[in-house]
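First the structure, in the form of structure tokens, and then the observations on it.
First chain written, first letter: the chains are A, B, C and D, and each begins at residue 1.
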Amino acid sequence: SGNKNQQQGQQQEGKEKLKIGLVFDVGGRGDLSFNDSAYAGLERAAKEFADKIEVDYREPSAGGQDREQLLRLLAENGFDLIFGVGFLFTEHIQKVSQEFPNVKFALIDGAIDGLDENSNVACLLFKEHEGSFLVGAAAALKSKTGKIGFVGGMKSPLIERFEVGYMAGAKYVNPNIEIYSDYIGTTGDAFKDPVKGKELALNQFKKGADVVYHASGASGVGVIEAAAAEKKFAIGVDSDQSLSASEAQRPFILTSMLKRVDVAVYETIKSLVEGNFKGGYKVFGLTEDGVGYAENDYNKELIADIKSKLEEIKEKIIKGEIKVPVDKNEYNEFLKNNFK
Amino acid sequence: MKKGFYIALLRMLAPMLAIVLSALISSIVILSIGKSPLQVFYTMFKFSLSRMDSVAIILYNATPLIFSGLAVSVGFRMGLFNIGVEGQYLIGAFFAALAGFSIKGLPAAIHLPLVILCGAVGGMLWAFIPIFLKVKRGVHEVISTIMLNYISYSLIHYLIADLFIDRSQKLIQGLGSILARTPKLSPSAMMPKLHGFLGLFGLQLPRHVYLNWFFPLGILTAALIYYLLMYTPFGFELRAVGQNREAARTAGISPERVYIIGFLLSGALAGFVGLSDLMSYFGYMDMDFPRNYGFDGIAVALIAQNNPFGIIFSAILFGFLKRGAEGIQTLLGVPRETISILQAVMIMSIVVITKIMNDYIKRLEKKEEVRLC
Amino acid sequence: MEKAVVLKKITKRFPGIVANDRIDLEVEKGEIHAIVGENGAGKSTLMKILAGIYQPDEGEIYIFGKREKINSPGRAIELKIGMVHQHFMLVDRFTVLENIILGAEKSSGIALDEKRCRKAVEELLALYNFSLNLDARVEEISVGQAQRVEILKVLYRGADILVLDEPTAVLAPQEVRELFNNLRRLKSEGKTIIFISHKLEEVLEIADHITVLRRGKVVGTAIPSQVTKEDLARMMVGKPVMMRLDKEPLDVGEVLLSIEDLVVKESSGRPLVNGISLKIRGGEIYGIAGIEGNGQKELAEAIIGLRTASAGRIRVCGRDIAGLSIKEIRNLGVAFIPEDRHRQGLVLPMKVWENMMLGYHTKKDFLRGRSLNLKAIRGFTKNKVEEYGVRLSSIEQSIEGLSGGNQQKVILGRELSRGPKIIVASQPTRGLDVGAAEFVHKELLKMRKKGSAILFISADLEEVLSISDRVGVIYNGKITAEFRPEEVTPEDIGVYMLGGEKGAGEAK
Amino acid sequence: MLIGELLASSLRMAVPILLTALGAVFTERSGVVNIGLEGMMIVGSFWGALGAYYYGPYFGLITAMAAGMFMALIHAINTVTFRVDQVVSGVAINILAYGSTRFLSLAIFNMATTSPHVSGLPKINIPVLSGIEPLKPLVNDISPVIILTLLLVPISSFVIHRTVFGLRLRSVGENPLAADTLGINVFKMKYAGVLLSGIFAGLSGAYLALEHTGMYVEGMTQGQGFIALAAMIFGNWEPKGALWASLLFGFSEALSFRVVEGGVVPYQFIKMIPYVLTLLVLTGVVKKSTSPAASGVPYERGLK
């Protein structure tokens, strides 16, 4: 009964403020990209709505098997909105959201079939390929050697979307560009292997590439390190990696492909606070400013000469004049259509 | 007789002492982050033991560890270190998944055993490589199984992300992400949960609990392994080879034969490890399929000193710690790493204290013996 | 006379047993002092206390008149006490030189100064007229050589008090001579020697004083000139001991074991058994005498199938065993008593009854269906334990806890109880006291009477001569001579054991 | 040119494995099996970054070695003093390393899985060799730790085979009872062997964090502690053997980075190259393994 009291106590306390919970993807806080971006959104909301909400977060075990339990425990303990960071939460949120119809859930990157506005689940989806298209264009514009590279973490349909968008963007600018592409590994560990990330990037640089884009989580640290060592360019991913890089590395980060998970998280919390949370699908593309490329104090000059071109391409994508491919098939079609 | 009672008491006491000692050490860690150790432990026990679903989840957590503990222990019993349970169970799980999703329309009574069998066969096949290399080429099983674990990771990725990926998955507006996973298992290949059975005794489990028939099967398997080891000629041979290979050989036992059969048995047990998750929880195999059961199995087996029944208990202990970690994280905001530390300290104190205790008990028993003769 | 060692009321208890019970011992400087006693009498324990390996529970130790506390082997070395252990304490994979200098290395800076070490050891070799290849690995040298290494280790450390625990158990008579000469020489240099042995003639020959232990207590002391072997044996055992075997006349049957031109090679290709032929008939004991390491072990192992013959033929009851597994050979009726019971004969951590079924665990009477019939096995074990008088507290205890003699009885019970046609007994009495050894001999003679063909391998010449119907001497993988025991003396055979000329005392 | 790059990459990949494998040689030679090396590398990578973050790379290397040694001390207390099963203790060490680094990372950096950036030691060029064109990638701009590691191979070999310490260390792993009767302090020797392995593994972790990547990332050791164990066994318990085994492994990894994707072979099979190659080489090279005779067996004076 003590337990019940405690739970009730927590619930009563919670009634005054909305309780927002977030469960990270494997890797957790400090991955310098995806999870950190989500955390930034959570923090921003916590600050802005300090008197209306209280926030909390959880990390799954290393293998991530307890995702579902963590979601459920948060739901049981009176949380009002619970985020699952990453498409691996798809099935779990689907199950748990049915058990707790009064709790709202937000799923980042994952898509659950058959939702509508009244559902208690919102899927926050990103057009990573659009952002990648832009940084691909930037890479091709900046490359002097006509060779660029891509390093992915674990191969998966999601990471392939980054790769495909990037390649398409580069080819769009320079049809003759040569693109090297490597993946680090075949397990989730590939997202935390900066050693292999660096070696793969180094190899690409040695083969002549002068810009390398990565979509490999914490392994990207190695890619950036390789660029700094070789005095070539790296392109970051998810958050603005110039900001988290070291002083010595910054001059070698051309830009980052921004995936505004922070915006998505923030906006979702905001809608709840303002009482207009809607279920269904929320898409974050270039149009919504949900993806993009980073500009900051460190790379302003680096991209000054190509910025107008990038903006031009961005407009075309938004207008639909350029159709950015999302997978290998569309990419091949894209190549056929653009350069027959 | 009195001494016998005293010894039994000491045996019981050892694990308790170990738990107390590790709790003390962990308390320092908890204090260092400004939380109250008492509250943490109270919450942990309360949360884990006072709720029906927690208890069931602990047993569910323990299920794969029972099998992997058994698999590792069979290796240890014959003097081999099977670090390869990890790879073996992944391959086993894939074989089971393959039989589960590719065959349709069979009645469950046939399909289910078939899928389980495939799991065991997959584990055996993957175990066959290192033991074959050892017996025929003298390759050290520790090296080969470590290598094969890594190879299995890539192989599995190829199988489920390229070859057998579920192409029926749909994207929403071309977005989100499909999973690199196999198609779903046919319903006839899914292991029933224990809810119905327990319901007969008036125990109602919540729907979100996945405790299933693999748990009783694990206990049954442990009993069978115990019987095999202690009451059959082959089990005797296996233990003899493990404890003195030369003497066994001299007695006409072929260590090579024992190694091959024993390792295949270990692999078959490893094949069961992933099935509880696959056939009751996921229903498919994806890149996120649980890892590390093989390594946890090493600790489970050794804490239990390779005793099959001990393995059940140490697996449940691990399941308890895992559930407890979720509880204190959610209810108290204590980082789950605290539990990892507790777990490590607990393993160490269990082995240290049982060691000291056993030495002491041995001495007591010796005294007893002399008086007898 | 100055006392080198004085022990007063030394008591050492092990769990459940008092190994040394208020032992008093005085050893004069420059004497050879023998300690005798049955297995388990506490001889080794007492000496290990002196060497700092065990701590006494009570009692005092005086070394050259000064009271000392020897709390570690290092301290014993400082006091110039050196011990040659019953089981050699050598690092098999090290060279002879490394073994000798280990722990007392000469160095330059942190590096080992091998040259200086070698020089010092070579000086010692010259001084005592030892011949040893310093660069040979210990695993490659013979037992006699290994023992020299042990003695050199002690001398190298400049020991004044030498303890030798059963040093002659594995030596040929000539080697024993050589050892004794060295001991006398050391004695003449003023060194003090404590000597443990089960071989009473030796003790009578070499010792100045004798102390007899029984069940952890000193039961008497003696001066060799005033006692006989029989007296000593009686003191040791506490009752009269029969020193001679009663052997019935030979009544042989047909040839059961026949070996033709057998060659067994090491993996490197060196022949260990190099063309041995022999035939043993039912009811006959064929003894193989020889210094360890001359191929007798490999001969035995080839018969049981542990090694494969690279040439030649072994027939068991007429059947060629080439290509048969050990199990199949055993099923033909071959029993094996291995020389190293701990390594090959027993699974030490297992229970007594488990060891009793080892190798026979698939026999019909031990099975019930496809499972073990534990009741039958335990019953069988109990019977054997009773029949052989194995001293133990329970058949459930692990066999580790039994004394060597009792362990050997378990092996005998196991191997002899199924009416084997052929028995290969390799050093079956090594390390056993007179009583236990006598028991083994009697059992083997019983089997002889029942018509088994027995191959009896031993380094103990007296023993071989007394039990065998025919004796072959093995040297360098060959049988260099064959005798009837009544035709020769141990010294004659000794010549052959050391590779002496053929023909010297050969009899057809 | 490209060959030089390939070799340089092989070397970089081999170094952490080699360092840890050298450590493994010491602990195994003293008769203690240490599967906790992975954990010791983990603490090395974290504490290396931590030390370097506050006081610079030299200090980082020292804290890493100290941290590795501390974990090794726990292992030694468990296995040498209390004589518990060496494998269990190693497993526990790995769990402890994982949990404690994550815990401390959260507490100190407020991030569970990464540290801030840290700088490594200044890179060096090898004077004479750096002029030779084909060698350039191998000798220019390389981490001093690489040089140190390569030097440690002959040094370890010398220590093990040609010093008093080495002789005693080996004797303890082969026959502790014999060593004990000669007045050698068996426990001290075993402690020394285990602690050395911790120091080596800690340094190896620090190499990953400081020299290779410039920060600590959780899981960056990627199981190399286990690979190192394999390399040590493969190298027949000898420093030189460990060198060749590590280089073989590093080489096949570097090779796998360079096999171009998109051919007939799916990329997952390219990722298998290092492991398959090792397995194949092992299968081809049969040799009698000569593990120390008393490896894995706890020692207690007066036990038979």
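Methods note: a residue touches a chain if its C-beta (ideal position, glycine included) is under 8 Å from a C-beta of that chain, and two chains touch if they have at least 3 such contacts.
Note that this is a predicted model, so its numbers are computed, not measured.
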Fewest touching-chain hops separating chain A from chain D: 1
Identity of the chain that, by mean CA position, is farthest from chain B: C
Leader among chain pairs (count of C-beta contacts): B-D
Between chain C and chain D, centroid-to-centroid distance (C-alpha), Å: 45
Rounded Å distance between chain A and chain B, as computed from the means of their C-alpha atoms: 35
Separation of mean Cα positions, chain D and chain B [Å, integer]: 29
Intercentroid distance (Cα basis), chain C paired with chain B, Å: 47
Where chain B touches two or more other chains, by residue: 154, 157-158, 161, 335
Per-residue overlap in chain C, given as positions that touch at least 2 other chains: none
Of all residues in chain A, the ones touching two or more other chains: 59, 62, 155, 185-186
Every chain pair in contact, whichever chains are involved: A-B, A-D, B-C, B-D, C-D
Chain C residues within the chain D interface of the complex: 48, 51, 53-54, 72-77, 83, 85, 89-94, 98, 101-105, 107, 110-112, 114, 153
Contact footprint of chain A on chain B as seen in their complex: 46-47, 50, 57, 153-154, 156-158, 161, 170-180, 207-208, 277, 282, 287-288, 290-292, 322-323, 325-327, 329-331, 333, 335-336
Chain D-touching residues of chain B, taken from the complex the two chains share: 29, 32-33, 81, 83, 133, 137-140, 142-144, 146-148, 150-151, 154-155, 157-158, 161-162, 295, 298-299, 302-303, 335, 337-341, 343-345, 347-348, 351-352, 355-356
Residues of chain A that touch chain D when the two form their complex: 27-32, 36, 59, 62, 155, 181-183, 185-186, 189, 192-196, 198-200, 202-203, 206, 218-219, 221-222, 225, 229, 245-246, 248-249
Chain B contact footprint on chain C (complex, rising order): 14-17, 304, 306, 325-327, 329-330, 336, 338, 343-350, 354, 357-359, 361-362, 367, 370-372, 374, 391-394, 397, 401
